Amino acid sequence: MRNYLLRRIATSLLTILGIAVVVFFIVRVLPGDAAAVRAGPYANQELIDRIADKYGLNDPLHIQFFDYIGGVAQGDLGISIRTNQGVTEELLDRLPASLELAVYSVLLATAVGVSLGILAAHRQHTWTDRLARVFAVVGSAMALFWLGLLVTFFFAFRWGWFPGPVDRLAVGSEDPRTFTGFYTIDGILSGRLDITLEAFHYLALPVFTLAFVLAAPILKMVRSAMIETLESDFVRTANAIGVPQRQILFVDGFRNALIPVTTTIGIVFGFMLGGNILVEFIFSWPGIGRYAFDAITTRDLEALQGFVVFVGIMYVFLNMAIDIAYAVIDPRIRLGKGLVK
Amino acid sequence: MSLLEVRELHKSFGRGADEIPAVRGVDLELAPGETLGLVGESGCGKTTLGRMIVGLSAPTSGQILFGGEDVAGRLHEPRYRSRVQMVFQHPQSSLNPRFRVSTTLSEPARLLASESAGASSSESIRETLRLVGLGEEYLSRRSGQLSGGQQQRVAIARALMSAPDLIVLDEPTSSLDQSIRSRIISLLKDIQKSNSVSYLFISHDLSTVRRIAHRVAVMYLGRIVEISETNQLFDDPKHPYTKALLSAVPTLDPKKDTERIILEGETPNPTQLPTGCSFQDRCSLVHEACRTQSPSLANLGSSRQVECFAVQ
Amino acid sequence: MGDDDARRFDVQRVYVPEEQTRLGRWLAYMRDNPLFTIGVMLLSIFLGLAVIGPYFVGDPLRTDIAAMYSPPSTEHWFGTDEYGRDIFARSVHAARLDLSIGIVIALVAMIIGSAVGVVSGYFGGRVDEMVMRLTDILLAFPGFVLALIIVAALDESILNVVIAVAAAYVPYFIRLTRAQALVEREKEYADAARLAGNGPFRTAFRHVMPNSLRPALVSATLVTGWAVLTVAGLAFLSVGIQPPRAEWGVMVGEGAGDIITGEWWTSLFPGGMIVLAVMAFHFIGDDLTGTNT
Amino acid sequence: MSLFEATGLTVGVSGSPYPILRDVDFSVEPGEILALVGESGSGKTMAALAVMGLLPHGVTKTAGEVRIDGRNLARPDGSIDRQVGQISMIFQQPVGALNPTMRVGNQVARAIQINQELDRSAALEAAIEMIGYVGIPGPERVAKSYPHQLSGGMCQRIMIAMAVSCRPRLLIADEPTTALDVTVQAQIFELIKSLVAEIGCGVVFITHDLGAVVEMADRVAVMYGGQVMEELHADRLLDGSKHPYTRYLLESIVREVDHRVEDIGVDFTLRGCRFSHRCLLAHSRCNDFPTLEWIAHDHRLSCFAHPLDRS
């Protein structure tokens, strides 16, 4: 187990280094004149020169490379051209908003996906199962940005059930004191339940939009992993000795189906870390996705590059957490193959 | 002169503390036209030994002499490749599912063609197919359209295409039904009669080995513990492991029940072998010497060798 | 035992069904798998639209100030946008563009990915180690983000969008094919191929590779769907394909603001086209990859 | 009245007109081991699964009764009331047949709890005792292991512990040693025999190995193509069996066979006897279905061509 963890941490660090290298390659090496791209299509030569000077773009490539990697190693993701602020600080500032959205979306998607997946596997070959599969296909084919527009149109503008896409709280509402950065939790902690409720109100539509799409892969994976497990030899044994169906479904079936399901939830969460650019844009959510969108529209490559590296690093750590979860779930990984004689 | 001679062959997998010795110093000889049965339980190294002899696996140390020439590690060279072939355990997965029988057979004919196979390859393919009991109509079939027995016949034909001197048969009948198993055995015997090819017949199924082998070698934990002429071995086994193995095999003869030997425990983990004889913990004849010294194969009569202090 | 006459007899059989034709088997499969059938039908409609549709509808760029923001009617099935352009005509032209981009992306990613995957899986060793580390790194980015930064770094053209999105899916195909090649190379036929005189490269490409491609081939349908979604999503953010070109994501992006003012049709119809088209690929892909078992 | 009786078991695959089990009969007395022997496609495993009510999806029992002590366990809807604790089954792949994420002690304890009102710790204690009872040294330590840490032989002993922990009336053993080494097989055979003698349950022992039949069984039912061809005392299999298929099988073991005979598999489409297209004694009557008839007080045969009939 300890060796397993150490090896896992080593490969993670290697991957993070790789991420920095790949992004550097894409952003600094691919475009012909890096300074010109940063300066934008209407810049004059003077501006281009100034930018090249400021960001060291005239230095030899290897010097630029080591400057950059050294920065990443110290947690410095560069300086935004647009705001002239440190990219790391700006991202960390916006991270809680994104995380709050991500956590609630993944929780909802997991609840829906897992329960529908178990139901579908249990009732395989019936119409319940077919309906669940149709839901999975609709979910995975859904264009996030379109669904976001639809729910805004119906639930906010037409019926007025939920607030329109403006921010995390109503305009004029005061932010709660910061404990965790999650408004729903900070509201409770600072004794302002009204803020918690309002925060949930504003979270509802983006969370619904994301969860609708994220539930699909979870459902698919739970369903197929459960079916595979329910057809396995050891479930047949459990049946043969008369273990009750409920116990077979949840103890034998689900626990053993949990490994592939964990992977999928991890992938889904990883997708959330960067994939919510679209949703944060539609719902004017002040998170890192929205920051990335602003960086795109203003061609702020430094900020965009910082965002990508940031997302990659979070994803690597997430994967490490998943691998540790595996070891907890599966004794074959935790204990290795030691023969008891 | 013997066709094949194996000297002090070793093979280990893994490194350091995880090193698993699979074959631990094996000596063998095989004459032209002879069938040597190689029996043992799972993990005894018999398949690894077979794979080294055909060159699918490189020995850690030791010699493989083919016609007096050391070929260890050089069996992929064209001049040796055609001389040693192999038939595998699972007929279904041993044939490329995308190939028709004609393609499967023409590949060795084309790639390993020697001067002796001067005749046109399509003629020799038909002839070989006839030899294994299949008609020409099978040439255009894919392996999915063949039964298990037919697949194994094609696999045997493929091994014969390069006119080898030796075929290693790795459990060729263990995944087949009894009636088909018997037919494949008699087919192999007939081929040997007409081609005088040698077989190394690897199996855990002693009754099958008894029917085809001239001599039998018994392996336990990577070493040959007894090697003997077939009838002698079955009628009067010497090594305590051979005795237990033979008595454990269920036979059709109901009277055999009288002196059954049931071994304690299971084959130990090859990474933690004790000093001395590796069979000591399960042996009824164990004594002091077995715990400290390793026995080696010693002659016991003209046609038998046994690796045991108690019977030497 | 038994005389010769008794041995010869005509075996009688219970009704033996005739060997089904290829078409018959296909139809029987469609009957037993309704979701697959829905996928095939949807895809046929979209492919029909993409191939011949553009010849039957008007110019997707023709503006008509007189008819701006007309709601859906018999004249303009999907209504018109702020420049009075016919949304149906634009959607049909977009079908051709989006589907061909999606298919090209999936094919390019599949071809590159499976070739690398087979080499990596079959030969193993250092090469494999390097390839795996590289795919680890690439898979650490959500596909959308990776494509986004590549397009942002390159200049914006359709070719660059194809390159960027394909690059995002290459690691996926490498993983799939490598995993299968690892299984296939251990099968006995691969050993048999070596013994039949095949060198390492012949064994890898003539024996192992054709048997390792199936997962990649069936997953290509799913990837086509994802590629369409990614391209449209990028276009929605004005990355890659730009207005006024008729493209579904561009159209949804242009119509996004209209929703507040009540002109829902400008974004509803093109968005619906995206979802239906991607669903077609997923209904088929789920079936082929065995998610329906 | 036998302890266990299966009569007229007929099992079909949905969408196919040919039953894969046709009118299968067998019975077991207390303390008796009945071997179901046959090659692949003979339906021996299917017969066991039909008795257990564990047929895979798409395979259904269309007729037949299953009785324990004369009580029919087949429900009107075709499923089987397994009478949990009355019939146990052990399988071919011992390692895969145990839940990989559950300690083996808990798995045995769970089996005990199904049939006995015991709390967790008492059940675990009983489980440890049971594990020792099936001949595993150091049962406390082994109870804490996961299946992947144990050898195949040990896993099969655990399976047996689970199966006998409820003192079943009938034990079905489906090729319990095919995946094991021959020396371990001998141990498992000994164990099963001694347990049967102690518990007094009946055993249906499924195998393809005629040697194992002679070694283990009291009686043997030979199956081919989903039919029981012949049933007789295991001791008399070698010299007393009469069915052409049984003879053919035995001869393929003891005598040289002609390898040029074509490999024909089971043909389920035959109207009559499923062996008729390979049978040297077949004649036109064999296009009818031969029922299993008594030809001696301990010998049943399903053949129109057997010597008694022909003489």
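Here are some notes:
Each chain gets a letter, A, B, C and D, in the order it is written, and its residues are counted from 1.
To be clear about the criterion, a residue touches a chain if its C-beta (ideal position, glycine included) is under 8 Å from a C-beta of that chain, and two chains touch if they have at least 3 such contacts.
Please read these numbers as outputs of a predicted model, since none were measured by experiment.
Contact with subunit C and subunit D alike is made by A, B. Relative to the centroid of every protein C-alpha atom shown, the closest chain centre, again from C-alpha atoms, is found for C.
Rounded to whole angstrom, the centroid-to-centroid distance between subunit B and subunit D, based on C-alpha atoms, equals 32 Å. Here the CA centre of subunit A is 55 Å from the CA centre of subunit B. Rounded to whole angstrom, the centroid-to-centroid distance between subunit A and subunit D, based on C-alpha atoms, equals 52 Å.
Separation between the centroids of subunit B and subunit C, computed from CA atoms only, is 49 Å. Annotation for subunit D: residues 151, 154 touch two or more other chains. For subunit A, residues touching at least two other chains, in rising order: 339, 341. By the touch rule above, subunit D contacts subunit A in their complex via residues 52, 54, 57, 82, 84-85, 88-89, 91, 93, 96-102, 110-111, 114-115, 138, 141-142, 145-146, 148-151, 154, 159, 162-163, 166. Only residues 124-125, 232-234, 236-244, 251-252, 255-256, 329-332, 335, 337-341 of subunit A touch subunit D when the two sit together in their complex. Against subunit B, the residues of subunit C that register as touching in their complex are 187-189, 191-198, 207, 210-211. Subunit B contributes residues 54-56, 76, 78, 81-82, 85-86, 88-90, 93-98, 107-108, 110-112, 155, 158-159, 161-162 to its touches with subunit C in the complex.
By the touch criterion given at the top, residues 41-42, 133, 147-150, 177-184, 186-187, 190, 204, 206-207, 244-245, 247-254, 257, 260, 262-263, 266-267 of subunit B touch subunit D in their complex.
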